[in-house]
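Below you'll find the structure I mean.
Going in written order, the chains are labelled A, B, C, D, E and F, and every chain counts its residues from 1.
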């Protein structure tokens, strides 16, 4: 499972990086979204996530280490909110750029051929 | 214990509440109230920061445990000399900027004052927090507010610059997350002090991962600090921003610089075991490269605001290089320099618009806005020009320009000179008297002298062009609340020069404690909870 | 506490059968996406999953948890009901879009295979 | 009554939803659920939804049973088609069905029924002509479908909603 | 017996995984945008079912909300796509 | 010696020390005395239309700075004032800033002298490093240590760069003539007596510490000698009175430099003496030149002639001063010149130059005589001038007075040096030389000495040179041979090339303003930063294939990867497809979170996912149409190479991140702080859902920041979109709507919108019914967050989705006519609630965000969790609803742009209450 997750993270990241290096703003925003998926999974992976680990606190806590590490999850939640916000913002800026510059190129002008 | 100690949270809480309160007021119709609230809040922040600075100068660190949770687990705010200094600097700059904006710029778009308060909240939080992930949150907050403020006034130039600024910073934020989580994965903690305690004990096979995390994290910080080659977004963005925004942005790179300074000494100082001194060479050479690049840019800039942007690079490069040298003396000089150059550059960005205003009649900077929006121009021109033109405007502007130039170039008689002297004297005389001048000292000497020279050339060129070389210039209409902030910032530079002794003493104390992080670690980790963990437990 | 190992055999068997049935029906429906020839035929396929597939698996869940927690656990009904209500919205609008696009295409006589 | 409880059925459903979500039938949850249910109904009046009355709960149950049976049957039928069992050839196509029903809720219910039943799909309804267009996966006889929709579903729905 | 259940759960998850694969194939292969949206809808329904089976497998009821959320909000995505194809903009 | 010390920056060894010894006193006398005279002179010189207050304040400021140099007891303090003089001289030279020559000259002076000052600064820092102090006394006492130090030569060179630039010594001499664009009082002051003297002042001042080596002898001596020669030669050929004086100043400063460079105590005395003498006669000459300029309107020697007849007193003054300059006996210049000649005759290092020195300086002195003669002969004698702008006459008495006093000094000193200047000189020299003070005598007649012979030779030779050159001078502009060489041109060329062209070129290489290279660099740097430590320390990846294998998970990720790659491929030409693929990849990510025991994360991601999809789709409408891959775009080796490069970077980042993740996951972690959260979430945090307790309690501060980010972004989005103008081609309605509407219009029995209505009417009804359903689910998620997955954020987004669904179903105008969403209010209330909940703890003496919790037993209702964290969560909810709705609706409102101003029925978003809001 770890390997599959790692490959998943890697593929998301690679696709995302490829896209943010592209010249069109829409490509960049898709790339950033993919990257943020990759990073979110990466953060959870840093908690050495396991399948089926208990999440909620039971009456007797027992061994705390058998629980899924809650901290990375909390961090990811924060990261998700922030990346949601920034995606929205970037979208609007790219729309504004498109409206004012009449192009969807990331530099606000078509490259000279 | 509470009472005065609770003041530590005020720099975060006050802007939060002020900003929220402004949202409940009607931004358009009650603009005066909103603006007054902003000025009042910022003024209060300056006072609070001053009190905090006085508190910190007793040498004790105030550790504020949010939610009353013990240190490595809950988030803590740590007030020491460095954070207090940065707080005061930030809010002083902010005060100048917000007063300046009242003349006309705050009307160039919606929600300026709320965004401004949130920028302050982000900056203050970033300077105070002792938690790595909380730092991320405040970074994001200040960045989000800076996106908004950069785009304030809109227009093609700003939107284009903003697009780059946002993309680059979003990418850097992702790196930040990767770095923080990697460090957490290896060490199991997010608290900076706890991290410092754990770094020496990291298992050898995990050390590579730890340092990789630190490296990635450093890239995120250095991008914000504007280190070459991660700095190309900066001059364009700063030049595009409206003047009060650009002015407060002068502190933004310093957040990156601050955190690099703080963390490199805390985590990778001499007590860091196998990782001691991690990355310091990169900082030194990267910082020097940044100075060189900034200097070249300064010379190559035709646009005055862009010149200011490159000066920002020189400034942060200098502090980064000084951090890379890693001596307490150099650090104290760097701190002195940081304060001086930030104030100078902040004043310069405000001034740029005032002097450019008169240079080409009719080509007001607000034209950037008009170009995009045609008739729907919000800024009420008539009202904007009603302001009384100050007598001897040109003279004042000229004096202010010279003041800024002198501070930025590091020439006498203002604080920039003392700053460079403090930096170089320490860099040339490492610890023992007998010792030869180290290579880093030479490099810093050469680069700083040359960059000072280049700045002088560029500034004189710009000054001549602006003030004297255009015969058809009209005397700009400048209002007192526009000129006042510039003079206010420059007067602080003057005060910093005259009171250089006490100031440098403070900086040295700051640097000493930065270079001896054991005290920080024990202060943070050993602070007890206020009695009774919660108001009322179960 | 945790786990299906505490299920009595009859419940385990029932759950197993329901789950397998549901998954199979769903897979059949999804296979329809591959095997059916045109969009208007394919659009029928996923309803297998939203109807019987969901019913079976949600029932399995209800059985399992009701037995495990020794009380009726019924909130899976919500998922069935929501599936019943939301599918028409999505598919109707989608078919409308497809019809419009087809007519527009026929009208324009531009035989492009790809769009979007 | 209509002021306070403009959409009794919806409100009832909301209460049920609340209780199901919380998996608890305590007094507190019922009270809170009622509050939410009232608020929900009130929200719908803001959205200017037409109000309606439902009758004949018995018919409602019968219809539900019918639909359940139809869904199971159609599942099997569509499964067969997907695997290509039985006939190799089938034709699909659009069928126009003249409807008598005009009640929007009735139409909505019909849409849910038709679309949820695998093999048939609600396409559009022309309110002026009262003509419903559906798509049928296995279209053998158009008249058969018209009869089925009108006889099996519309009749019941008309009883319920009008 | 519980062994049998875990195997059948695994098998069911595999089947649902394949079903998701079918949906994904439609998304990737098209040919028309409506086919892709249809594929997306299928994937989200199947994912919802997968989450339900996962809940059974773990024996914890707390995965239900995730499934409910997929059911409720997955369709919002589908409707948005469909509306975009139909009208050229999501909100008129 | 008097000194006054006050603490300034004690920590850095920088005290403010005023140190007045004999030398400083003599100099201070010059600075203040001549300063007084110049102020007096300027009073009459300056025109009433000039901004005189600025002039005098600058002049006085300059005087202060100059005194600062002279009186500094600390080398850094000296540098401080040094740069100040450069600054003020810049402002003084450019006083008539409308004149481009003044601007250029001022800038040149500033650049050269300030850069010299920076070198001096560096040199002083090195001296400080060597000596361990910047205190002048200590430095002067450490001459031995300095000279024997390895850093002596660099320090010397740097300090000399400072001194020589300031004193306009070769090769930096060329700025001085251009500084003549300054008003004449400025020249009289700065360019005779003060600023240019600062350099030689410093040389003499530091001679005890730095002198006495071959390096000193050769560097200072040769600079002085060349300047002396060159200045004298060039001065002869100047046609501008002030130009002549400027070159003569250069030459005399060269003479003084040469004297100090000859490295003997006697040389220093002579230097000091000549400093004083030169100041007096040159200041008076400048004043005379100014009077002439003032009264005649020109300074061109060729146009001036026979002024004796018009202004005899001025002429006399000028003649006496010029005589002093030429070294005519009975004038003060003669005395110091004699000393100079005597010193050159002495042997210093017996080199060829040393032996040739007397001949060289004699030759140079002939030119000195020649230009002095020319100054007198060409201006005051000869025929009456023709075509002058003004008719010359004597200036007012008080304007002449300063020059008269100075000339008087020349004469008095020249005639009776013993009783006038000798004690002064003795004190000054004694202060510099201390015990090394040699025997010397100041008298008019020393007998028929070689130096006297040299004087005679120079006199006669000078007359000869003048006579020979006169015809040339009457016609030509500039000197022969050296005419081609123009310091200003070289300077300008250097400035333009180095500080402009080179800088721009370098900037173009080192910088990019395009986004893609920046991101490429960022990715590259990040890779390097991660790889270097891993390379040196090793990455703990022993068994990448270890661990459990979960087949369904693998199948799931096969789909996820395919979708991610698909999105990457399709994003350019098929945006909707890319969006669908992105959504699917997101769904896979959500399911993975469930797989990884993170239900909260999964829930949040799902909700956010759908909102993000709607957002991006809303944006898609405004992007330009992009039709299939064009042939030309695909072709081209450069593009292929770019793609290979980007692909490699992407692959590298992907593999790297995967390797890092795998390495950490396979490695047992150290004891994490999470243990504390698990142990205390219920007992101290009052919730069973650890993740949510962390969010709202343990790390509630993060959440507060995070929602503030959301608020800020929403405000930004709103602010930006409020003034948004879409590109013209995307303003018309989308083609779908156009086609459907025109179909309706074509049929008489249909109304516009019917076609769309047929398809969506039923869906819209069901979507409306879903509104309260989603609302209830949202409240459910909000209430149970503390114990089960959910919480304010998820609930908020869910609630916002309910709103969005209505907008999608019915359109903006319809919805906003019925629902008054005031998102900004929601946001403000939410932020205030969250903030005040946290701050409430402060009121009762606990830290911010300290939570209160208890389960209250309410009658009928039962146990209700009443944690303050719950109030906090409600704040979060309110804010998230407001922010999300604000963003989505702000984008959606753009579609109304086509109607021009939004119709009045649409309630404004910012929270202006058009009517009292309902929701």
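In the analysis below, contacts are C-beta pairs under 8 Å (C-beta built on N, C-alpha and C of every residue); 3 or more make two chains touch, one makes a residue touch a chain.
Quick caveat: nothing in here was measured; it's all calculated off a predicted structure.
Looking at the partners of subunit E and subunit F together, the chains they share are A, C. Graph distance from subunit C to subunit F, where chains that touch are one step apart, equals 1.
Farthest from subunit D, judged by the mean position of CA atoms in each chain, is F. Looking at which of A-E and A-B shares more C-beta pairs in contact, the answer is the pair A-B.
Here the spacing of subunit C and subunit D, counted between their Cα centres, is 17 Å.
Centre to centre, using the average C-alpha position, subunit A and subunit F are separated by 38 Å.
Remark: subunit A and subunit C have CA centroids separated by 28 Å (rounded to whole angstrom).
Subunit D and subunit E, compared by their mean Cα positions, are separated by 23 Å. Multi-chain contact residues of subunit A (touching two or more other chains) are listed as 20, 25, 28, 42, 45-48, 51-52, 54-56, 58, 71, 78, 82, 85-86, 89, 93-94, 96, 100, 106-107.
Among the residues of subunit D, those touching two or more other chains are numbered 17, 21, 111-112, 122-124.
Annotation for subunit C: residues 1-2, 29, 31, 43, 45, 50, 73, 75, 78, 83, 85-89, 91-93, 95-96, 100, 114-116 touch two or more other chains.
Residues 25, 28-29, 31-32, 35-36, 38, 40-41, 43-45, 47-48, 50-52, 73-75, 77-78, 83-85, 87-88, 91-92, 95-96, 99 of subunit C are the ones that touch subunit D when the two sit in their complex. Across the complex, subunit E meets subunit F through its residues 10, 13-14, 16-18, 20-21, 23-24, 27-28, 30, 33, 36-37, 39-40, 43-44, 47, 50-51, 54, 62-63, 65-66, 68-70, 72-74, 76-77, 79-81, 83-92. Residue ranges of subunit F in contact with subunit A, taken from their complex: 513-516, 519-520, 523, 544-550, 553-554, 557, 560-561, 564-565, 567-568, 571-572, 575, 578-579, 582, 585-586, 588-589, 592-593, 595-601, 604-605, 608, 611-612, 615-616, 619-620, 622-624, 626, 646-647, 649-651, 653-655, 657-662, 664-666, 668-669, 672-675, 677-679, 681-682, 687-691, 694-695, 699, 702-703, 706-707, 709-710, 712-714, 716-717, 720-721, 724-727, 730, 787-788, 793, 883, 887, 890-891, 894. On the subunit D side of its complex with subunit C, the touching residues are 17, 20-21, 23, 71-72, 75, 78-79, 81-84, 92, 111-112, 114-124, 135, 137.
By the touch rule above, subunit A contacts subunit F in their complex via residues 1-31, 33-34, 37-38, 40-42, 44-58, 61, 64-65, 67-71, 73-74, 76-78, 80-82, 84-89, 91-96, 98-100, 102-104, 106-107.
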